[in-house]
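In this document, chain identifiers A, B, C and D correspond to the written order of the chains, with residue numbering beginning at 1 in each.
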Amino acid sequence: MSVHRSALAVYAVVLVVAFCGILLALFAYHGPDESSGRDYINRGVGDTGAVNLVSAIYLNYRLYDTLFEILVFSVAVLGVRFYLTDQRASDVVESVPESHVVRRSADLLFPLILIFAVYLVVFGHLSPGGGFSGGAVAGSGLLLCSVALGAGVVARRFHERVLERLEWTALLAILLLALLPLLAGRPALYDLLPRGTPGRVASGGSILLYNLLIGFKVFVGTWVIIHFFIRHRGEI
Amino acid sequence: MTQTALLLLLPVVAALTLCQRRRLIAVIGMGVFSLLLSAVYLLAAAPDVAVAEAAIGSALVTVIYVLAIRKTGRLVVVGCEVPGLLGREGKRVVGLEHDVLEGFARELGLDLYVQFVPRESIEPALLRGEADIAAGGLVKGDSAQELCTTPVHLPTAKFRIVMRKGAKPLAEFGGSRGYLSDIVEAVRHKQPLDVTLDLARFMTVSRQDLTGYEVERLPEESAYTFLVNPNRADLVSKLGAFLGKMQEKGELEAFIRRHMS
Amino acid sequence: MGAINGVTVSIVLFGIGLLGLIFRRDLVIKLLALGLVNSSTILCLVSLNVRRGGAVPILRGPDIRHVVDPLPQALVLSAIVINFAILALALVFVMLLVERYHTTDSRRIEHEIDSEGSS
Amino acid sequence: MILVLLPLSHFVFSSLCLAWHRGARALTQVSWGVDAALIGALWWGVRHGKTISVGLGGWGRSLGIELSADWVGLVFALLALLVGGAVSVYLSRVTLRSYFYVLLHLLLGCVFSILFAQDLFNIYVTLELLTLVSFLLVGYERTSIQIWVSLKYLMLTALGMGIYLLGLAVLYYHAGTVNLSELGVRLGTGAQQPWVIVSSSLLVTGVAVKAGIFVFSLWLPAAHAVAMPAVGALLSGLVIKMGVVVLMRLAAVFPVSVPLLVLGTMTGLLGIAYAVSTYDLRKLLAFHTLSQIGYLAVGLGIGTRVELTGAVEYAVGHGLFKALLFLAAGTVIASTGQNDIRSILLWRSRIPVNARLALLVAVLANLGLPPFAGFFGKAVLLSGAESVLIETILIAISIGTVVSFLKLLPLFWWGRGPSTSRSQSVSFLLLSVPIVLFSPLMQWLLPEWCWSLSFRTFPAVESVLIVVFGCLVYRFLPWRRIRMPDWVFHLEEATVIIISGFLLVCGLSLLP
């Protein structure tokens, strides 16, 4: 058995080295010079009204992919909730709140984190950021809050049923927003809103709207995931 | 320049991380790796990706890993049920050894998890690595294999229960180790018996009617010990130190008095 | 651009991740290795068309000559979220397995399950 | 419009199920009606061999995402409709959480989306969603083995998808596009450059992990065998086929015919070897799925028009009867309480009549006997095979199929069984009717040229001969002594095997 194992190990190492070797050799071989993606760079701002080309692609040109990505995230939230409930019927165990200093600093820090998250979401079409990053930052901020105040306090403030309802409402809103152009006789996922002046907050058509919805949804989803991980443990 | 340095750092950090034995360190290493990666993205003119990687890849992922592995970080104890030492009260586990191990686990930052198994499968469980520590009234020299035993013991008295006429030989009950349930059964049916028992087991047996048996307290003391998984030899010295500290503070005596009186 | 660029490093990282995936038996570390494999593909995509002095794909001025290709960056955002989702679910399952088998060793779990199945 | 509505309506329904727990079942019925209407409209759109395509958001294929559908998409959509409907009817007496229906809708939405996808990255995202959904479905009952198997599934497919994404990176670096039809134009003909070979091998490896090609999909037998029967039907009938559809799209663009031929042969023969050596009913079905995927891969590898038609027909037929087999096997196992075929035979009087009939129909279709669904696909595939070698391989796989299924023969005895459940009968009927009436159905759906292909040869005699020969082999082969190694299915070994599979594909692509 051990001979089999060590032979397998040697084989695996050789294999991985060969795998990397092939790929490295391929990339060492000189690639094409012309740069791709010029289409987006030349016409992206005019087409979508968003200065940040990445969010222009992410939420306009290739919005369909993003819908799937949101669904993937929702499935993750759903799965975590399903598999971690009624495993052990422990409600949130009151963890001992941290010391006064920690609590004060969390009180100070949380609004700052929230402001940063909102900035990421709202200015997603103008500067780096966007709904997903903003939502994740806000969700992690809430974790900080629950470390300082005790998970029970935060969990009471963000009630489970409410969270669940908020989550599917946001999902439904995003899906319906994507299907709305069909009613207007346009292709699905078409951007109905005016493009605005590039560079302003009110520009980029529906990108801002999508960013807000996604940010909200990801914020709730992130908190649900963290909340269930904490609850399953019984404490933080 | 900075970019090249960062890029060279990435495989080093990754390789070191994946070689870690302790999961917590590996997870933190991965968080560091993600931060480096997001710096690389920033330098590679991809600020959007950098923000996403920092927010999701390094913050969120590390958080859920830490939450998950605290869950998986446990001290697993196997043992046979011996009331007073390691017993059950409803769903709770109670007893002297349980209290001691609970304190020890808390000191290590682990959750205590007690699994009750028959006496004969304790050692295989340890050898298979399914548990870290074995407990439940074990005495020194108890293990057939070379398993680690802790240097400090929990001292109590020893008893002998005898019924003279046609006593079965000791070996049938496993000597001083004794299959407790067999002995209790034997006492209940008033079968001939000749066994030496430690205090905890004696307390269990004495709940039965012992008329007709001779009971004598032996002069020598018995001492309980813990067996430790040979792969976790580091636990031996830690547990020894912990017990020593308890003895110094007098907590050990208090525990023994509480459970053994 | 020398031999050390994002693409070559990403391939090396992919290899390291693969080795971790094959040789580490701890499921948590396996998941870390899987995350490494996926991050390395992301690094590969992002560094594909980056030349030295490439500009950020956020068009603030009229000069758009050096702007890097925004498409891989947009694709990669999806991939990051997907990796997170996979990881979260896999961790939940690892936690459930640990609860039942008290180990994160993949071989031991596999062995236990095989013996359960055959009995 | 239909192309977007089919997937997105399912996603809307899934979020509605999340919102309204008690109405999940009713919503599923409504969505089935919506699907049927949309597929009707799709049929109207693609009749006479037309293709409809749409650029989402009003962007062209070079900027945005393109969806397009032709008759291939249509027949697979119909398969999804039937299998999805049968599964939801089959489960209508079982109490399930709304969670299950949410996942069911997500799964169907993904399936519809993959059928129309023309964009490699969109395929990646959809495949990932499909992976996660099927992962959660496999573990639905939370038994330890389900959890372990689905974790293994998730880890291996995640690795596969990582390899796929690497292939995408290579491709984008050199070709500058991720759209399949644009890619076809840019590659032109006879592109044998190194990057084409490496990127196509990476992409094929990644998809093959999902598609049930044997050396890659080592998670498959266990996952399909331990999941709930309804989930097994969905996975074997639909999800695996989606991998095949993606492989078909890749094979249309990249020069991967030699690797597909070799992999197909390996998959077919190894799948049968494992199927012959197992006694677990559901494992037998799962291994058998593998062998039939090999059949399909050989068809895709040859890649002529005839072979593609045959592969599509056989994939749809196989989806139907494999779903039926899993559902019927679920009833058999539930009524006898046994997994092992030998023990099931002892309790065979407990098996309801409807399950027995359904099994009989499905097995006959599986053996490739006329006029059942399996026959037409196999006939077209055989008629299109131009070299003797390939014909031999296909016939060998067919014979192996017969051999592995003869173990089930004693199940089909005539006698009274216990009372049957009506919803299950309806669900069996929903799948059996199209299996029996496969030829008129296809005649109605397929464009004329495809159909003329299907009738070009009619080797009914050949298929009967195969069955007879298979019986002889079963009688005289010492198949009881065959033991196949189990260790290949372990997590670490499977990882190693996937990487070696990549090198194999790479090496085979170098061959002319």
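Following the convention adopted for this analysis, contacts are C-beta pairs under 8 Å (C-beta built on N, C-alpha and C of every residue); 3 or more make two chains touch, one makes a residue touch a chain.
Just so it is clear, the model here is predicted, and its values are computed rather than measured.
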*What is the set of chains touching both chain A and chain B?*
C
*Pair sharing more residue contacts (C-beta pairs) when C-D is set against B-C*: B-C
*Give me the ID of the chain with the smallest distance between its Cα centroid and the all-protein Cα centroid.*
C
*How big is the gap, in whole Å, between where the Cα atoms of chain C centre and where those of chain D centre?*
28
*Chain centre separation in whole Å, for chain C relative to chain B (CA means)*: 35
*With chain centres defined as C-alpha means, what is the inter-centre distance between chain A and chain C in Å?*
16
_Rounded to a whole Å, what is the gap between the Cα centroids of chain B and chain D?_
48
_By the touch rule stated above, which residues of chain C touch at least two different other chains?_
12, 14, 18-19, 22-23, 42, 49, 57-58, 68, 71-75, 77-78, 81-82, 84-86, 88-89, 92-96
*Contacts with 2+ other chains: residues of chain B*: 47-49, 52, 56, 60, 64, 68, 71
*Scan chain A for residues touching two or more other chains and write them down.*
12, 16, 19, 23, 27, 36-37, 40, 52, 54-55, 61-62, 65, 68-69, 72, 75-76, 79, 83, 127-128, 130, 132, 225, 232
*Could you list each pair of chains that touch one another?*
A-B, A-C, A-D, B-C, C-D
_chain A - residues contacting chain C, complex_ = 9, 12-13, 16-17, 19-20, 23-24, 27-28, 35-37, 40-42, 44-45, 51-58, 61-62, 65-66, 68-69, 72-73, 75-76, 79-80, 83-84, 87, 126-128, 130, 132, 198-199, 225, 232
*Show which residues of chain B lie in contact with chain A when the two form their complex.*
47-52, 55-56, 59-60, 63-64, 67-68, 70-71
*Going by the contact rule at the top, pick out the chain C residues touching chain D in the complex.*
14, 18, 21-23, 25, 27, 30-31, 34, 37-38, 40-42, 44-45, 48-49, 71-72, 75, 78-79, 82, 85-86, 89-90, 93-94, 96-97, 100-101, 106-107, 109-110, 113-114, 116-117
_Residues on chain D engaged by chain C in the complex (per definition of touch)_ = 121, 124-125, 128, 132, 135-136, 139, 142, 144-145, 147-148, 150-151, 154-155, 158-159, 162, 165-166, 168-169, 172-173, 178, 486, 490-492, 495-496, 499
*chain C to chain B touching residues, read off their complex*: 2, 4-6, 9, 12-13, 16-17, 19-20, 24, 26, 28-29, 32-33, 35-36, 39, 42-43, 46-47, 50, 54-58, 68, 73-74, 76-77, 80-81, 83-84, 87-88, 91-92, 94-95, 98, 102-105, 108
